[in-house]
Amino acid sequence: MSQLVAIGEPLIRLSPPAGRQIATADRLDSHVGGAACNVAVAAAGLGVDAAVAASVGAGPLADRIAATLRAHDVRPHLHRDPDGRVGCYWVEAVGSRRVHYDRADTPMATATPDELLARVDLDAAELVYVSGIVPALGEAAREAAPAIVEAARAAGCTTVVDANYRGRLWQPEAAAEAYAAMFAHADIIAIAARDAAAVLGHTGDAVSVAETLCAEYAATHAICTRGAAGAVAASADGSTATQAALDGPLRDPIGAGDAFVGAVCAALLADHAIDRALADGAAAAAVARATHGDLTPLSPAALTGVADAQIDR
Amino acid sequence: MSQLVAIGEPLIRLSPPAGRQIATADRLDSHVGGAACNVAVAAAGLGVDAAVAASVGAGPLADRIAATLRAHDVRPHLHRDPDGRVGCYWVEAVGSRRVHYDRADTPMATATPDELLARVDLDAAELVYVSGIVPALGEAAREAAPAIVEAARAAGCTTVVDANYRGRLWQPEAAAEAYAAMFAHADIIAIAARDAAAVLGHTGDAVSVAETLCAEYAATHAICTRGAAGAVAASADGSTATQAALDGPLRDPIGAGDAFVGAVCAALLADHAIDRALADGAAAAAVARATHGDLTPLSPAALTGVADAQIDR
Amino acid sequence: MSQLVAIGEPLIRLSPPAGRQIATADRLDSHVGGAACNVAVAAAGLGVDAAVAASVGAGPLADRIAATLRAHDVRPHLHRDPDGRVGCYWVEAVGSRRVHYDRADTPMATATPDELLARVDLDAAELVYVSGIVPALGEAAREAAPAIVEAARAAGCTTVVDANYRGRLWQPEAAAEAYAAMFAHADIIAIAARDAAAVLGHTGDAVSVAETLCAEYAATHAICTRGAAGAVAASADGSTATQAALDGPLRDPIGAGDAFVGAVCAALLADHAIDRALADGAAAAAVARATHGDLTPLSPAALTGVADAQIDR
Amino acid sequence: MSQLVAIGEPLIRLSPPAGRQIATADRLDSHVGGAACNVAVAAAGLGVDAAVAASVGAGPLADRIAATLRAHDVRPHLHRDPDGRVGCYWVEAVGSRRVHYDRADTPMATATPDELLARVDLDAAELVYVSGIVPALGEAAREAAPAIVEAARAAGCTTVVDANYRGRLWQPEAAAEAYAAMFAHADIIAIAARDAAAVLGHTGDAVSVAETLCAEYAATHAICTRGAAGAVAASADGSTATQAALDGPLRDPIGAGDAFVGAVCAALLADHAIDRALADGAAAAAVARATHGDLTPLSPAALTGVADAQIDR
Amino acid sequence: MSQLVAIGEPLIRLSPPAGRQIATADRLDSHVGGAACNVAVAAAGLGVDAAVAASVGAGPLADRIAATLRAHDVRPHLHRDPDGRVGCYWVEAVGSRRVHYDRADTPMATATPDELLARVDLDAAELVYVSGIVPALGEAAREAAPAIVEAARAAGCTTVVDANYRGRLWQPEAAAEAYAAMFAHADIIAIAARDAAAVLGHTGDAVSVAETLCAEYAATHAICTRGAAGAVAASADGSTATQAALDGPLRDPIGAGDAFVGAVCAALLADHAIDRALADGAAAAAVARATHGDLTPLSPAALTGVADAQIDR
Amino acid sequence: MSQLVAIGEPLIRLSPPAGRQIATADRLDSHVGGAACNVAVAAAGLGVDAAVAASVGAGPLADRIAATLRAHDVRPHLHRDPDGRVGCYWVEAVGSRRVHYDRADTPMATATPDELLARVDLDAAELVYVSGIVPALGEAAREAAPAIVEAARAAGCTTVVDANYRGRLWQPEAAAEAYAAMFAHADIIAIAARDAAAVLGHTGDAVSVAETLCAEYAATHAICTRGAAGAVAASADGSTATQAALDGPLRDPIGAGDAFVGAVCAALLADHAIDRALADGAAAAAVARATHGDLTPLSPAALTGVADAQIDR
């Protein structure tokens, strides 16, 4: 029944307040994150009927993931492995931001495409998002990720793949291979300019990266993001669109890229053009940077509020 | 016995920490606010014997208002309506700041001038401040507000009216009419340039707004504030004074305009000239922006501290 | 689609930590409560497909109610009145517990049966719970409450009415009349022995209260609760069942009675006998007293955990 | 203008939450305490026009003391020594409660009677309370304390002296001498049975302690407190009154004895008899034990609430 | 150089405040725990030169363990596996206490005796404690645990083994076998009566359990603990000693058994007799139950404080 | 055994969160600070075997200092005066930062060189740091400070003196005299440009200040810091080195200068050249400004992280 299904691993994030360190902090904030959750929550806030499909472990951490997704009006289609663990990650922001993963050997690393697709009603879904982190999780996942994108497209869904390169999880060569396999079935491709350079060797400017990927994989849109320098989309019709990043407070940037993608998906599902989608994405990213935690509860009013605040400055 | 009496509705403000949303926040900060409270507390911190006169509901929220005003050395001259409620407002600051009022049907909306003036010793007061929000609260309040200003001036008090337009409470036309009725008896008029344009249709620059209002209402001083662009005063003697805004951390801007007015009142009560008053106001506003909550506990040292910090930059 | 629909007003509860007072507390815990929410959340935790149907105001407080219910896997079937307010209540626990309501003039006070029933799919529901607080909210609500119970029974649902007398909201005479009108259509009646005495004049012991009500209203079960002294049920078949209260930490007793009722409903929906239902209710109430906030997230394991802990002592 | 003036040193108390230790706690609660403050705040909550007279240091800690007393509607009649420090004390409650004083060399230790009496309008006051801790603070204070009691009685005030023995501050012999000098001018004497034994050598039961002190010093009432065993008063008319301690949560017992004395003073100022005064004192102590911090904000309703809660059990 | 070396896995414990659940808690307390850490910290607080020897993973969680042990004056002799993870566990206390382990596949599960003994200077140590949890961690650990005890005794150290049965980690049969292997080289054996029954089948009273174990393994002392019913020791000289549990607040019982053992070790290292050791252990356990977190910072004064508080009641 | 021994007074710092005032804050953060502690902790984080030598009071505040230093792997060589107090200071940051000292009459003010040197193993130490705050603490300290520097150099240690002028503690003339006496025996001199001007009258640019001091006192390096404008070193070989300040978040600047000096010491102890030392110092200061509290837990990775983050901007 969901319009959008995001597939990827939900994670528990633990972090002390900015300016304090894990080694000496007595209290930690507990957030839910993971690219798929972030994308689905962003889209749901903008009116999309959204779900997350994943395999997770059992216990109170899985309960926390499910309860948090539901609170944001996202359906948790979770396979719960009673013997599995739930992936965690630890973040501290002092002089620079440091991330420590503890997500090895989770059920998502060994989930088969069938197990995951069993959680997805492809006939009902309009758009399926698969995070490029999935194939980094293990051998089985490396097989599963492109198979899922392929199956989703075959079922008539719009498919969205965001590369999301994580250098702590795998090497560029392996990632490049996996991305190629996923992009081959993707209608919409998203990648950071930095990752395009480091992983794919596309060292040109963002426009050329987007155009190259759009053409190479016959995608509908290829989006290249450049952080504070905004984003660019190249489309199958040969057009390109550019969007500046919006200003605003920087409290917690983690998840801003996923909020961008979630808002782009929501705009496209609402039949908006790609430039409106990028504009919504930029506003969503600004809200995300101003929001503690990975998840960004959006609303049309929140996007407008951020856009209007630009004018005031 | 109070030098300054501020008349306006005290409110309870509830807000999650910046970067968190009301919908998902388990903990909220509880502050006392409302323009009259803000002005009185700012003035009290600068040595003025100050009071707030208002009609409020009963129960622990009214206790909170009284205790907080007393803690800041402001006398709470409150009529407590045993059947009334206490106005609340809810604020969240994520991508942009959003305010949600829950202040309908409070005793202040129906208070008569006599009820409010019974809380004020006009013979003892030197300065009476009335917030331009009061007439927005209800029909009775719309009658009461100008009557109170008139009575205060008749009793020999310096009268101060700050427009404080709140678009969520009423329409510009109604506000324009009410402001005119109040300004007619005001010695000192304050208005934001933005509100002068939106409500009064004065779209000129701040100097011309101030000069026009000063002349139109035969005020001693008319002050036009421009946020980060500072403030301007036009005086009955034909002079104008300008004051830049001061730099400093932006933690919570709510109440900064009221701290400005409170410090201006304190300076004028101490027989300082209008340019010194504007300078004190600008420093007070900088402290207010750096202070959590609507109320700004000031001191002469705090004003100096902020002014000195400008030089360091 | 829901098995259980609970009808009653959702509330925002604001409270300082135990041992602190509202008048001087800078931070408040924000909880969602209200009898219908409490009952639905308790039942949902025990596997019931549950919903809350209500009319509420708009804004972030309504968002908080919806998000919180969803987090507990309860469907929020809320009519949102764009001009309405959301009821709040304030609690402090120092020497004794004190409750201050700010819930006048909410949409629930004027909702018609049709407006509320439009939120309920009576054909799908198995059990409809209506809180005895509803008729205390206003004239319209006093008409609506029994009409809803009647309609639910007519549609084939099991109907549950808990008296929940609130002395701050109305007088015993009015309550007695409203309870009679609701009990007339109720399959399951619940009332505290204290309220049965104060409102209905049933001053006998709990067994006689339950038997009298069961007979008078031809109910399937009438349950009379006695706080620390446990509960009694009288059934249409002439049997009575008694259940002792369970021991455990007392952190926040608000909502314990509703958790009891929610667990009883869950047990009956699972076709357990009334004595098992009372046992589950007693365990649920023990968890509720040990849980901060009105809502009690239950699970079969949590009930077992509390029951087992009795043995250890 | 104050009915009750309490003379004694205000202190800042710093303490981690119960169950945590100062050595490893990152966050501390900041409270205002000191017997005189505690007594005055308790009485003010019960409607007494109350003040604290003391000599303190300067800076933000003195501001905190003044703001806190005002918040509780107590007038801070403080002489601020610009070179003085403000006394602090540190409390942790783990297996047992431990107190660490850092209050040496405060202005109160060297204040003369004239300096302190200059802060008190003896003509206006009806009752003057002097803490038996004052003479423990230093040589000057040892002279000043009885002189103040004597002057207050000479001015027609009812004089109240509570022994409040602190073994960390002085020896029993010195305390006994100082108490004798103060009791000689006291209308109302209060002492814990434990201190009467340890300091004065009165090892009899509480009734005999109270009777002995009442007779020895020709007091109007002598009150002997016994913690959980309640309190006893012996009066000049030969009567004795006894009062049990009330039950309730134990969150923070510090200040309970002072709340007792403050409520007794309030009752006597309201012309209640000594047995009603003891009853109010017992209820006040129960609220104090349930309240975090030394200060206990009371109200007639709070006393009633605690007393009613006794019946429920 | 350390007198006491405790060998066992350090853990990070994450828990919401009592009365809140992991599924909905935004903030968690971060503690360091694990039986070896608990024992070493308890002993260090009583003046013992103590260390923990263990193999742990890398990253900020390992830093937290090291920093926390050092803060309590315990030397962290940690082998840090750069590819390993740090064991965590999650605790919530609502109706009953629930523990969720996430400690699979940690370096401690595969550490060899040589790797661990390389962290211990057996020539310098007087007492070596090995937790009975170690052999539950994996196959290698099951081999390593008794080998370490044997090596320590061979080096002339007093060896202490506490069974600490954890039903979530292994089955009684495996535990019984491992305990037998460890007890065979232990000078001091500790076991809960409950575990003696469930794992070893010793269903007699605590005295007989202690006597049986003392004889069976030719131990110097065998201690059988009974929770609220106190502890019993049987000694090689044929004597038995019994000790009641002490009263006090119950804030967080986790770690109380380890604090008991740590204090017993400290007393024996100070050449106190076994009855004094049990008394110190009981006082330490009372402090531990009143302290948040697993670790219990003790001091001789803290033991005395708890013991004295018994008399007051 | 320590490579680096820092001599200076440890302090407890108490501060409300930024944007709140001490007068109204119910909760305070408790930090450990003081220049010597800050320097030692910074160096220890970078791998130096570090200690703090000082004389302090007794009680839980001294325990806090010791535990905190140990947590950061710094040996607390503290003489504990059982009758002494522990220095505290109070900080609030609203419009500007305000510091209130409460550190009079601490044991450090009267400690003799012998008492302090008894805590230092000069034969083992490679580098001895003495804060220029020490001679401000009292007459004895004014004698002791240069004597300690002299003794350390005589023992073959590298001696480091940082002026650290504190205008609230003494006058420029006295400071100038004390600095001269200490600099005379210093191998490395550090001073802020602002203090060089205000105290020493060196109003030239930073390079000339450094060159002048280096020559005047025949130092190996003289370092002149200029806040946001970076730092300059003049060396005995006639060379000068300059280093820009690094960008980053400003959360709490207190202790940044000491982190700079600690990192410089660590670099020099690792035989790095002065320009690398200044670069490390600048990165350490950036981490310190982004870290809450005075102490800055550093690591080589943290320095790299900050330096890398510069490139991103």
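Every chain is named by a letter (A, B, C, D, E and F) in the order it is written, and numbering of its residues begins at 1.
Quick note on the criterion: contacts are C-beta pairs under 8 Å (C-beta built on N, C-alpha and C of every residue); 3 or more make two chains touch, one makes a residue touch a chain.
If you're wondering where the values come from, they're calculated on a predicted model, not measured in any experiment.
**Student:** Where are there more C-beta contacts: A-B or B-D?
**Tutor:** Result: the pair with more contacts is A-B.
**Student:** Can you name the chain that lies farthest from subunit F, using the mean of each chain's Cα atoms as its centre?
**Tutor:** Most remote chain from subunit F, centroid-wise, comes out as C.
**Student:** Centre to centre, by mean C-alpha position, how many angstrom separate subunit E and subunit F?
**Tutor:** 40
**Student:** Counting only Cα atoms for the centres, state how far subunit B is from subunit F in Å.
**Tutor:** 45
**Student:** In whole angstrom, what separates the CA-based centres of subunit B and subunit E?
**Tutor:** Each chain reduced to its C-alpha mean, subunit B and subunit E end up 62 Å apart.
**Student:** Out of subunit C, which residues touch more than one other chain, so two or more?
**Tutor:** Residues 21, 23-24, 26, 66-67, 71, 98 of subunit C touch two or more partner chains.
**Student:** For a test of understanding, state which residues of subunit B touch subunit F in their complex under the given definition.
**Tutor:** Residues 71, 248-249, 251-252, 283, 286-287, 290-292, 297, 301-303, 305-306, 308-309 of subunit B touch subunit F in their complex.
**Student:** With touch defined as at the start, can you tell me which subunit F residues reach subunit E in the complex?
**Tutor:** On the subunit F side, the touching residues are 66-68, 70-73.
**Student:** For a test of understanding, state which residues of subunit C touch subunit D in their complex under the given definition.
**Tutor:** It comes out as residues 17-21, 23-24, 93-96, 98.
**Student:** Under the stated contact criterion, what part of subunit E meets subunit A in this complex?
**Tutor:** 14, 21-31, 59-61, 63-64, 66-67, 85-86, 88, 90, 92, 98, 100, 102, 104-105
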